[in-house]
Structure formats: C-alpha cells, structure tokens
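Just so it is clear, A, B, C, D and E label the chains in written order, and each chain counts residues from 1 on its own.
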Amino acid sequence: MQIEENKNEEFKPCIVAFCCNWCSYAGADLAGSSRLTYPADVKIIRVPCSCRVNPLFILRAFQRGADGVIICGCHPGDCHYTTGNYYARRRMTLLFGMLDYLGIERERTRVEWVSAAEGAKFAATMSDFIDTVTKLGRNRKLRDLRCKE
Amino acid sequence: MSRNDMLIPKVAVITGITTQTPDVKTYKVNAPEGGKPFEHMPGQCAMLSIPGISEAMISITSSPTNKEYMEFSIKRCGCLTEAIHALEEGDEITVRGPLGNHFPVESELKGKDLVFIAGGIGLAPLRSVINYCLDNRDDYGEIDIVYGSRTKQDLVGFEEIQNVWAKAPNVNVYLTIDNPQEDWDGHVGFVPNYVKELNLSVDKTVLMCGPPIMIKFTLQGLIELGFTKEQIYTTMELRMKCGIGKCGRCNIGSKYVCKDGPVFRFDELDELPDEY
Amino acid sequence: MQRVIDKVKELLANGVADRVLAWKVGEFPYDRIPGVFKDDLDGLCYDSFSACNLSKYLINETKKDGRVLVLMKPCDSYGVNLLIKEHRIDREKIYILAVPCNCKVDIEKIKDSGIKGIIDIAEEGDVLKINTVYGQKELDRRQVLCDKCLSCQGKKHVIYDEIIEDDEQQNIEKTDRMEAVEELEAMSPEERFAFWRSELSKCIRCNACRNVCPACSCNKCIFDNTDTGVAAKSNADSFEENMFHIIRAFHVAGRCTDCGECSRVCPQNIPLHLLNRKFIKEINELYGEFQAGEDAVTTGPLTFFTMEDAEPDVVYKKGRD
Amino acid sequence: MLRLSADKLDKLFSAISDAKELYLPVEENGSSKFDKWSEETQVNLNRLNTVKSPKDLFFPQSEDLMRFKKEGKKITVDTPDENCKEFVVFGVRACDVKSIEVLDRVFLSEPVDTYYESKRKAATIVSLACSEPEESCFCNIFGIDATEPAADVSTWLADDYLYWEAKTEKGEALTESIKSVFEQAEDTSAVDAQKENVKAIIEKLPLSGLNLDYFKNNDMMDIFNSEKWDELYEACLGCGTCTFVCPTCQCYDIRDYDTGHGIVRYRCWDSCMYSDFTLMAGGQPRTTQKERFRQRFMHKLVYFPMNNDGEFSCVGCGRCVNKCPVRLNIAKVIRALGGEV
Amino acid sequence: MQRIGVFVCWCGSNIAATVDVKAVAEAAKGQPGVVFATDYQYMCSESGQTILKDAIKEYGLTGVVICSCSPRMHEATFRKAAESAGLNPYMVEIANIREQCSWIHKDMEVATEKAIILAKAAIAKVQLNKPLVAGESEVVKRALVIGGGIAGIQTALDIAEAGYKVDIVEKQPTIGGKMAQLDKTFPTLDCAACILTPKMVDVAAHENVTIYSYSEVVDVKGFVGNFTVQIKKKPRYINENLCTGCGACTEKCPMKKQPNEFNMGFDKRGAIYIPFAQAVPKLPVIDADACLMLKNGKCGLCSKICEAHAIDYTQKEEIIEERYGAIVVATGFNQIKPTQFEEYAYNTCPDVVTSLEYERLMNAAGPTKGHLQRPSDGQRPKTIVFIQCVGSRGDSCREKSYCSKICCMYTAKHAMLTKDHYPDTDIHVFYIDIRTPGKNFDEFYRRAVEQYGVDYIKGMVGKVYEENGKVMVQGSDLIDNKQITIAADMVVLASAVEPDPSARSLGTMLTASMDTNDFFTEAHAKLRPVESPTAGVFLSGMCQGPKDIPETVSQAGAAAVKVIGLLAKDKLKNNPCVAACNQSVCNGCSQCANVCPYGAITYVEKEIRTPEVREVRRVAEVNEAVCQGCGACTVTCPSSAMDLKGFTNRQIMAEVDAICR
C-alpha cells in the first residue's frame, strides 16, 4: 500500500504536544493570554507532569498519523513533583535515541522545558517545531496505514 | 458487496428494551427493513456485536414461533454487554446466526413430559423452548418450570411467568429465591434443594440451564432421584469467537461448543475432558 | 560434564535442595530442554548445547514448596540477580550451582553450514564429529558458536552458592558486543530504516523473544491485556511490528542483562538483541556504565537520575558530529 | 512427464508469472517464506522447508474480514471482494501439500469459510519432491510419501533437470499455458533413482520410527489423563512459535480495530498455547500451561482424527521440531506417550 | 457509553470572534455518546452554570465537556456546578478553546477546526472518565513564614491574631528586613523605624508566634495541610535564654573592624554585635569568621564580661523539624550592586552610591547620624545627581527586564528630604519615564519638581567619571535634545531590585514555580495573586515581584487570610487524581516505588484471584493521601498495572486518537 498525497494541497502537519499541568500548560495559557500566535497544527494534551508521558502515547500518536510529538515540562529542578521531569528526561532521551536508531526522523520528536512564565518561549517553540516538522513532511515511517482515511 | 459468509453479520435494529432486573435487559431486535434478521430453533445462539467493541455469543430467548421479532436477554457482565446496556431504541447492532445446535424439540423431546430448571439469566435459552412448547402445546406432555434467582427482583421475565406460563394448560411453575424477602410469599431456598423437594417423576425429560454451581448440584440431586444422564439436557457457554467451529477456542475433546453445542445431553458431556 | 552431575548428586544428597533445575536430553543429540529432576538424574546434561537460560524458570519453581538447586551459566546468573531485585524470585528458595561455560554451540549454524540429517554429535576438543544420514562430517566448534556467546560478558558468575571452577581454558575470540550497534549507527537514517524494516517485517509475533526473556517477567504483558488498549496478536500493520519491539525494548531498558536469548530463540532470526544493546550503549554512554543483574540491589538507570543528565536533544546532536 | 533444465528455472517462473502471480520459497535475510516471484527474488529450492508454511497464502496471519461504518445510529457493513486473483504456488513439499488438505477439512467443511475458499480456488499448487530429507522429518509416519507429492502438479529436481507432471485438471491447464518451456522427458530414471535414494534415507532418519498406534488405539480420555503430560509441558514457554510455523494450525482470533474512520474487523492467527486463548470474563477453563500444551497435541493427534476419518492434524514437516525455543516438539510428545516400534 | 453534554462558551467575543461556536457545538453532536450540545455567551456566569445544571438533569448526562477558557481558570467552577446538579465533579472535562485556540489564531476557519478537534479530544476523554471521590487529609494548624521582613512580619501577625500558631524563619540575626534600613517612607514621609519597630516587638511578643532568627529552611516535604519542614538554626554562640541583650559584650570586643552590613558597610562593628539598636530578638551574634576565640581559641573577652554567662562558643548548628499546614514565602529582595555597569563608575568612585546606601547616609541612626556626608571625604555634597533605572527595564543580559517599581518614588523622597535638610543642594534626576501610579504618588513627585525645584532630566546617562574631585555625569537631555555634563559631588544610582538569592533553592524545595527572574509565580496573575500554583504555598511581598511597602503589607495580609482560610479547615479534600494499582497484573517488582517522590507506594502480600490464577503475590498499594498524582510510576510499570486516575492511559490515548484523526 502506498500513501498517496495530493501534491497541490499545502501540507499541514498534525502535531501532538504533551504539556505538564504546572509549567508548560500554564506557559501555553500565557502565550494565549499574551495573544502570541503560533500555527494551529499543534494540539495540546494536558498531563500532570512530563513523567506521565508514556512512550506508548508517543507511538500511538505516530500510529494514528501524527507528524510530530513534542513533550513540554517544567525546567529541570522546577518540577512540581520535584523529580518527575528528571525521569522524563532519561526516558525520552532513550526513546528518541531508539527511534533514531530505527531510522525514524529524530526531528519529529522533541522535549522542551517551558515554565509557566515563558509564554513567549512556548509560542516560539511551537512555531519552530511546526516549521521543522512541516519541512520533514508527512510521517510515513511510523504510522498505521489502516488509520489512513 | 453482499457476500455470504457466516463470519459476516447482518445489521439489526433494536426495537424495544425491557429492563428485567437490575442487571438484565431484554432487547427486541428486528432487521432494519422489518421482520426477523433470520430464523432459528430453540436453544440456538447468535453473535451480537457493537462494531469496535467486540462480539459475543448470546442465546436467543424468543421462540421461533414469534414471527415478529427476535429477543435477547442480556446480563451486564463485561465490556460488550455493558455497552449494549447503554443502547437505546433505534440503535443498530450487528447480529449473525443462527449458531450452534438446538434442543431436540422436533425429535427426542416430542411427546415427553418436560421439566425446565433454570437459575438467574439461565432462563434465557430455556424461555425460547418453553414458549415454543406452549405454542405447540399438543406436541408435549406436562410441563414443569422450576426457576430460581437470588431475589425476587432478579427473576427474569416475572410478568410473563406469572401471566402467561402459570396460566397455560398443564403447566406448573415453581419459583424460588435464595433468601426470604418481604414481598415474597413463595418458596425460599436454592434450586437444587427445591428440585429434590418437588419429587419429580423420573420419566420426565429435564432441560437445565444456570450457573455452574447450580447445574452441578441439581444434576447430583436428579441422579439421586433416579434420573439418568440421557434424560437431562443443558447448554454450555465457553469463550467463542467464530461461532462456526473453526477458530478453535471452544474445542473440548472432539467437540466444538459453538457448533456441536451449546446444547448437550449430560451423557455426552461425560465423554469430554473437563475443560469447561 | 560428569563433574557437574557428580556435584549435583552430592548436593542433593546433602539436602541443600529437593530437586534440580537443569538441562535435559531431548529428541536429538543437540536438544537440551530445561527440566526439573528429583531423584532420577537420568537425562541431566550440561554440555555445548545447554544454551537455554534457566533463570526465568525460577519464577515458577520458587512458587513451589521446597528449595530448588539450579545450574547457572555465567550469563544466566545476571538474570537471577535481576529477578531477585524485582522480587520475582525468592533467594531463599534457590541454591545456585555455578557451572563454567566455554561458549555454546548453535545447531542452526551447524545446519547452515550444509550439514543435514544429523544422527549423532561427538565433541573432541574443538572438533565436532557429526554423524549424519549423508555420512560423517567434522566441524570446528569455534566456527559454530552461538552469536550470544561471541560477545558475552565473560566467565564471571555474579551470584552463586557453590561454584565448579573452570578448568578448561579455551581461546575463543570475542567480538565487541557494540560493534554491530555502531555499524548501524554509522548508517544513514534511510539505511537504518531499511535494515529494521526488513528485519522486523519478518516478525510473526510468536512472542518467543518475550516469553524467554528474564526481564519480561510480567504476569500479564500489556500486549496481551485487552484492557490496555494496545493489545494485539498479530502485526496487522507494519506499525505494530515496530510498536511491539520498541516498547518491549523500552520496558527492558536498564533491566536487560544482554543474555542474548531473544535473538537466539527468534524463529525468524531477527537480531533483536541489537535493540536492547542500543539502549545498553546509550545508558552506558549517557549515565555511566551499568550492567543489569550485576547485583541485586543497585537501582536501574531508568528509575534513577542525576540533575546533570543529558538533555534529550543529545541524541540529535550526536548524529550531527 | 515433462522436464526442463534446472538452469532454466527462471524461464519457467517468468512464464508462469506472465499469466498468474507466482509464489515460491524465497530466502530473505536469515529466514525463508513463500513469497511472490520477481526477477530479483532469491529463490531457494534447496531449503527443505520454509520457516513460515504456505498456509499464509490461504489463511494469512492477519486478514481483514469486513469494515463497519457508523453514521449516527446507522451501521453499514462493507466486505472485501470475494474474487481472488489466480495464483500458483511452486515448490510445496509433500508434507505441506498434505497440510493444505488438513486446512481444507477445516475451512471448506460446512459452513464454508469463503475467505479461505476464494484463495484456495484461485490457487494452483505445484509440489516439489524432497531430495534431501533432514533429521526433523517424519512425514512418513503420517503416510506421506516425500518422493511422490500430491497437488495439481508434481515436480522433481533430479540430475540438473526439473521433472514436471500434472496431476489434476488445474495442473493440466497450467501446464498447457506454459508448455513451451518444457521438453518431453523420455528418460525419467533420474527421478526413480532419486525416489529410491530418498526412501532409503528416510528409513534411517531418527524420527521415522515414531509410532502413532497409541493414539489410534487408546481412548481419548485415557490419553488426556496420561501422567506423561506433567513432565512434557514443564519447559514450555507458552510462546506461539510452534503454532505459527505449523502448516496445519488454524486457530484464529477475531478483533475489531478502530481506524478513526471506521472499524476494521480482522482475524489473525491465535495460539492455543497462549494463556488468553480461552480466557473469558467468567473464567479460564485451561488455567495452566499444562492444559494448553496438552490441548495442542490432543487436538492434532486425537481430537482432529476423531472428526476427520482418522487423519492426523500433523504432517511431520518438522518446523516445530526445529523452531521451538526450548526444543519441545510433537515428536517428543509422540514418543513419550506412545513410544516407537 | 456515557451520556455526554457539550457546552461551548463564547466568552463574549473572546472565543466567538475567532471560533464559530455554533459549528463546534454542531460537530460535537455527531460524536459518540453526545446527547446534547449547545453554546452560550458566558458559561461561567450564573445563567451559564444554570444551563449546565439543567441539562445534566434533563438529559441525564453522565459526562460533561465545556469548551471554554483554560481549565486552570474555571475547571473548579464547572466541577462545582456539575456536582450541585448531582454529577460527579470529575465527569467534567474542559476543552481549552480560548487560551489555546481563539486567542492565538486569527483565521476563523482554522480556529474553528482546531476548536472542534479539541472538543472531540475532550469528548473522547470523558467517555472514559470514571467518577472519582476525593479522600481527606488532616490540616496541621500551624503556618510557616519564610522571611522576617515587613511582609513576613505582617503575615505572621495576622495569622497569629486569628489564633493560629505561626513560625517565622529569618536568615539574618534579626527580623525587620530591608524596611528597617530605611529612613523615611513615601509618600507620607513617616519614619520607617517608627512604624516598623513596634510591629517587630509585637510579633516577637505574640504568644502564637515563634521566631527562628539566624535560621534557614533546608528541606520541605509533604503537601498542602501537612508539610514537614527542616529548619537549620545557625549557631549564634549566645545562649538565648540567658542573654539579657545588654550589649556589654559588643563594646568589649577587640575585633571592631568588621564592616557593618546594616549600614551598608559605611561603618564598622565588632565580631560580636547586635545588628541595630531595635533588633528583634535583641541578642548579639558572633561572627564566626571574625571572632578570635572561634578562629584560634584565643580571646574570650566577651565571655568574661558577660554577667549572664550567655556566651557559648561551643554552640552547634541545629536542625529543627516541624510540621505545617501552610507555608508563606516572604523572602524579599536585594538591591543589586551595580558593579557590572562600568559607565556609572560605582566600582571606582566612592561617591557613587546606591539608593539604599544613600538611605543609610541620610538616616539619623545611620553611620553619619543623619548628616549627609559624601563617602570619599566626608564633605557635604552640594550637587547630587540621581540616575534612574540602573539595571532595570533593559534588554541586555546584565539588566533586568522589569521595572523595579519603587525607584521613582524613593528618588523623589530622597530629593525632597535632602532639600529639606540642605535647601541649597542642587539635585538633578536623570530618568527615562516617571511612574507614579499610586495614591498620592504623583502629587508627591510633583511636589519635588514644583515645590522643591528638583531638576528632572529626561534622558540617559552615558558616562560617570571622576574629575578634579567632582563626579562628572555625562548624559543626554532628550527634551532639549542636547548632551549635558553635570559636575556633581555625589551620584545616587537607583539600581534594580532582585529577588533574594535564597529564593531559587527554596522554590525548588517547595516545588513552587518561579519566573525567569526568580520571582515566585502566582497561581493566577489576577485572581490568585498571593497563592503559588503549589497548593499550600503562599506569597507575600517582594518575592513575587517588585512592590512598595503599602502593597507589600496588603499582600501580606491577603496571604495571611488565605492561610487562615486553609488552617480553619479541619480536613482537606485530597486530589483524587492519584495513582491506582491494578493488583491483578502487578508484578510487585518495586520499580514504581523507586520513582515515587512521595513514598506513596508500599507492597503487601495479597491473595490475587483472577480467572487465571489464585495465588498470594507481592503487589503494590498506593497511599492515596500521600500520592500527589505525578504519574511517574505509571510509565515505569511495564505491565501498566499502575495507572493514574483522571489521566489514565486509555484516556490519554483516546485524546491522542481524537487529535490525530
């Protein structure tokens, strides 16, 4: 089976962002209340902490056709739960290394530390990530063809 | 597009829902264009499904003599039945069947005095036979119905039992509940004990369905009374997927419960490994 | 071999245990099946074909009454420590007899060399004398050793109650276990993708890799548990081939002892150990050398952290050097 | 009998694939399976058996049965086309030919499985006689002659020639369509010599003496209750290797998959060795690996023959013998329970 | 299958201007389980909530999705409303279509499409929601105030007055903080000491207040209602119970050459000293780095003359552990030393001082007894230049981005006070903007200009340098558009304020979030300005951002009220979104306990019954009162036995599915 694409249509990536409730989700809110725009291609899922993000969720997103997944948490040292993002950092480092090892574009995954006060950073990060993923194009390597419309 | 394979279900629409007990509902089911999705014999089953959730084997509780619709009594006990309980009139499900064998209503049972023994939701498959026999009343002898449940509220189809069966000619209905209850003046006690108390004549044929523990002790009781295993029928339930004896999971000995069952005579079961 | 049997007899006679978990002779001269012996040690065998890792069998054995004597090769002993650490086996209920290992022979490699119809195999020094229906053949055992043995962690037993010292000193050339990982890392992403697609697409989801793995000791695997939402029985889409193996490798990351059983048992010869070794390599490089099962107490690298840990983009930067 | 020079096999393959898809044993980095032929494929006819058997062609490991769409309360069912493109399977060994008969007994018995049937009808099977049986072979004990494989066309590779003999109408039709690649084989002595030779070797194979009388002559329940099962299953990992490489194992699971824009109902191979095979909300009739292990062999050696005129559901191909991670296998079971002559 | 109601809020035009709310409601109707969908101008309003409550009852809703502002804003509101209509509050999910949609996108079509997807994700999640019941935990009726400046003092006093025990931890030997160093306070010009010191005495004397001076918080564990805090009491080398505070020891100390911190180093103190006359507690402290006895065991003079025998050279650091229900952070600020601003010559020219230093030079209790003398030669300065915004409001890395807020006012104060004492002084003020938005503030500033004739120059100073005993200030006058140079006798820099450096480590201990400038973040900038996002942690004073004394005092009072409100409860509802272990698949491997930051996971031997097994196994158990719901354990668990209520694997995957469709 081949994924066929309409070349005329502008590629709009589908991006999932997991944001920790205490820092990054608040940062996203601040970006909003500061009216800082970034493309609509990213949708945020609120999790209590970056350490709640299971690799299963990331793979699931790619399976269902996400083109990029970004995980945002508090800066190391600032975790609301003290240690959560440290574990997340190790897990994601290893997982991303594995995806790279399997030949899947490393740039489709990212971890960023965004505090509640960094609305501007949040918006900039999202714009940059969307830009990166848009350049990569559609995720073909890690998706489930059954889920294609 | 329309391909004929027993694995491919028909779409059916729910045309009526009756809440029987706190966890049992009875569903009237019709083909979308009206009428029944298919014909069946008493004791046969169908695979009901909500696509995306799963498929499960459910016995058809209505009698083949009901020409208008099919009925299924469903107890909430798992993922699919939970979802079915959330359905409303007009919702569609899929159904395929008829699957499995049936009670030998046209052969061995004909002309016999019949005893139906059921516990809880176990009445569902027997109800199909009872109504079949009542609709062909002359083909069968005396009918005894022994039915028990935990409480009065858990008796499935209480109204029909009282208003139809109990009033039918030459039919005796014996109801029992496990523990005494305020608005209950009937018998109290477990089904196996009640069966023994009733002192049924041993030339009758027994059709039995209920929880395994009830089956086990009732069978013992019947044997003690002098019944032989050749006189006693039951239905079995095992994990089934294909319903046509191919997917393998209901295989016991040389039998496939979904295809060779669910109705078995106890002497047949004796010859099978105890893996059910 | 005889020393091992004698020692087992002695230990059982001394009452250190009431049974022994070891390898049993099977149908063919090279079949060595894990088995439990009580009084009759007939068929107990320890030789070049006793490749199976016995450590995971201890989970079930220690659920039974009494104490079990178990024969342990060096590479398998790491699994025992891991299982003790994770409370999957009770140290009190096992008595470990450490047995020396001079690498095991891979029957598939013998067959791949063109030898068919094997009736009997005799080992004389490094020479395997193989009697087949197509005549007598000879092979140097060093050419047909299990892959897992060529890059094992050495002859050290990390846990035992009693040890049978190694008396033979064979000179087997070991390879660097990270060599293949490094080769893959050196490829372009497209080449790596092609490599893993061609390997993982062979997967038939038989679960042998998982069921044999001493780190995969879950009572119920998430891929079997329909409540998890990720359960699957077959790789209905190539995504599921990736999913299963990535997640399995992730779940055993920091716990995999690198015993090599996953690759050895794979009916499709998928080099699954290369996934686990990638994690081992990353962990060693980023968080310091760690050998799972080295002891039964040290916290694993994924349940531990330091404040100075590398940021996740280290992976990305590495590729850019 | 027809023949063509073994170095012209490519011509034969391309002739066949001109009209139909051709599947044959293909070597693919460290494994082998029946795969579609193209000029690049690494055909390997020397390998005795592929890891995955040809059952995959008729009963794929995963197969979409139907799609459901929901709109509001309405459900529509969409089923795949019943017609299957005609194809040829080449190089099927005698044991695998027999295994397809076993599958036929399951899937083509009433009610017929049309998914299987359509592929089965579309297939022409070209068998290949064995020239070098291995120690894991024991097809002979099931009455299979490795040198005389059945099927639509039988072939032999002997003395640098492929000998070709159509056995059925389908076989004749295929032969007719590609007859230009063959020459008449006047002298078939090479085939006869090979048959003699192979039969002699089979005699010497370690498993050729296995005896099935025990399973034929004893009561099902006695076999079921044998004490031998206790030690036989002990090492079993509960993986599905034996069932998945087995050419006759045909248990399957049916699952629904939500794609986000409809539900796919698909079936996939299942294994009675798996603990969740018979698991249901209310209980688990086979609680330990012993029961599961026993079920597999009871089914193959006892239950199946009871329902199928004494035919066993094992063909002695030796795949499970070679692939079991802990080297448990049906040969060991047969010997342990029933011994040998 | 839930019966779900979807409510799309317009938020006036905040959402409705960019999101087609009707289309969102319409799209929601087609989703599985949705039995009702509507839109309304203000869902959070009373009538909006009534719509919600009525729909719950009328349609028998079992799940609710509100498409509105951030859940951080109104999740609690809607949960409460749902609960009052008989629905479990945790059956409510919010789709954030304002902060994360309508406010960031301009295109109606794009924003609507995204809002629909966010709504679908919330619907998919709520399908899998389960009613959750919050457990309860006890509230320790004691508060901790970290920092003993005016903010801490006021907070502590208010809490104590309400009848609760409160402890103050102050790292200096005395409470009082920066305010104690001030001379007069704007805009009323009353004397700082006169209004502060009575409060210091009050708080010290209050029966409900315990002051740990010369102490620091070193560890914080626990959670709202039940924190366990370790306080390190540094050794003072004085027995507090014996010392009478007579001060005799400080006079006899031979090491009198130590710079006096209180006076910004303009004079000296002994190795044993009382920071200032009104210090509370009025106890001396020995500077261990200066004391001969502590350094090499010789001297001991102070001990000899102390009649109370209160000197104790052997005193050791002490760790005190105490439990608190609430913590107030009042760690205050520092004025930066403008050392890296070479253009202002602070490093080289002694007559360039910071405003806080100037404050001491003006103070009657200061090193010069209130006589203004310039530091270099003790002469009275005739021309003084004040430079505003030193290190504030900049973009470079050495500058703070924010406005320090208090400088405009205190500079006006300094100018006027100086003129009051020495009317002949020439005063010039270089400013960028003058910010006086407070009660009587602008009047105050105008007095300086109009009545006192202070010369305000709008412009920046380019360079300050010494020349012929003068401090030359070179700057630009933006109004007259010219370069000017002023030969001054003294320059006062209004350098930026910054949070106390101890705040950063404290923030980590408290897991209270901070902004990039290390000011503590408030839970909501407008609606919850005195609460940290971390439950049970409150903010008082400058630690949250620059503010003047009246603002600090009012925030201190507000924080106290929040604390009192918390301590008044006997029990607190716990967060029910905590981890739960499916023991039937738990392996008992202990990996989850390894990553739990709260020690909430323990193991028990338990009989497990499933259709497959019946055996006694080691399985994990979660202490729901201790678990805070981070979810670290859920990812560590290979068998997914650990899951997080309210954020289950299935729920999050359902959201993923909905988004990726």
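Note that a contact is a pair of C-beta atoms (placed from the backbone, for glycine too) under 8 Å apart; a residue touches a chain by one contact, two chains touch by 3 or more.
Nothing here was measured: the structure is a model prediction, and the numbers come from that model.
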Please report the minimal path length, in steps, between chain B and chain C on the chain touch graph. 2
Out of every possible chain pairing, which has the most C-beta contacts? A-E
Central chain, going by Cα centroids? A
Suppose chain centres are the mean of their C-alpha atoms. Which chain sits farthest from chain A? B
Looking at C-alpha means, what's the farthest chain from chain D? E
Taking each chain's centre as the mean of its CA atoms, chain A sits from chain D at a distance in Å of 46
Just give me the whole-number Å value for how far the CA centre of chain B lies from that of chain D. 40
Chain-centre distance (mean CA atoms) for chain D and chain E, in whole Å, is 72
When centres are defined as mean Cα positions, the distance from chain C to chain E in whole Å is 54
Where chain C touches two or more other chains at once, the residues are 222, 230, 236, 302-304
Residues of chain E that contact two or more other chains, please. 595, 613, 636, 649, 653, 657, 660-661
Touching at least 2 other chains, the residues of chain A are 55-56, 60, 64, 77, 83, 87, 91, 144, 146-147
Chain B partner, complex, touching residues on chain D are 65-66, 68, 70, 73-80, 82, 106-107, 111-115, 220-221, 224, 250-254, 256, 258, 263, 265, 267, 270, 272, 277-282, 285-286, 291, 295, 298-299, 302-303, 306-307
In their complex, what parts of chain C are in touch with chain A? 184-185, 189-197, 222, 230, 236-240, 242-243, 246-247, 249-250, 253, 275, 278-279, 282-283, 286-287, 301-307, 309-316, 319
The residues of chain E that touch chain C in their complex are 582, 584-591, 594-595, 603, 613, 615, 617-618, 636, 638-640, 649-650, 653
Can you name the residues of chain B that touch chain D in the complex? 1-11, 13, 51-55, 77-78, 90-94, 237-239, 241-242, 244, 246-249, 251-254, 271, 273, 275-276
For the complex, which residues does chain E have touching chain A? 70-73, 96, 98-101, 103-107, 110-111, 113-114, 117-118, 121, 507-508, 511, 513-516, 521, 533-534, 577, 595, 597, 628-632, 634-636, 644, 647, 649, 652-653, 655-657, 659-661
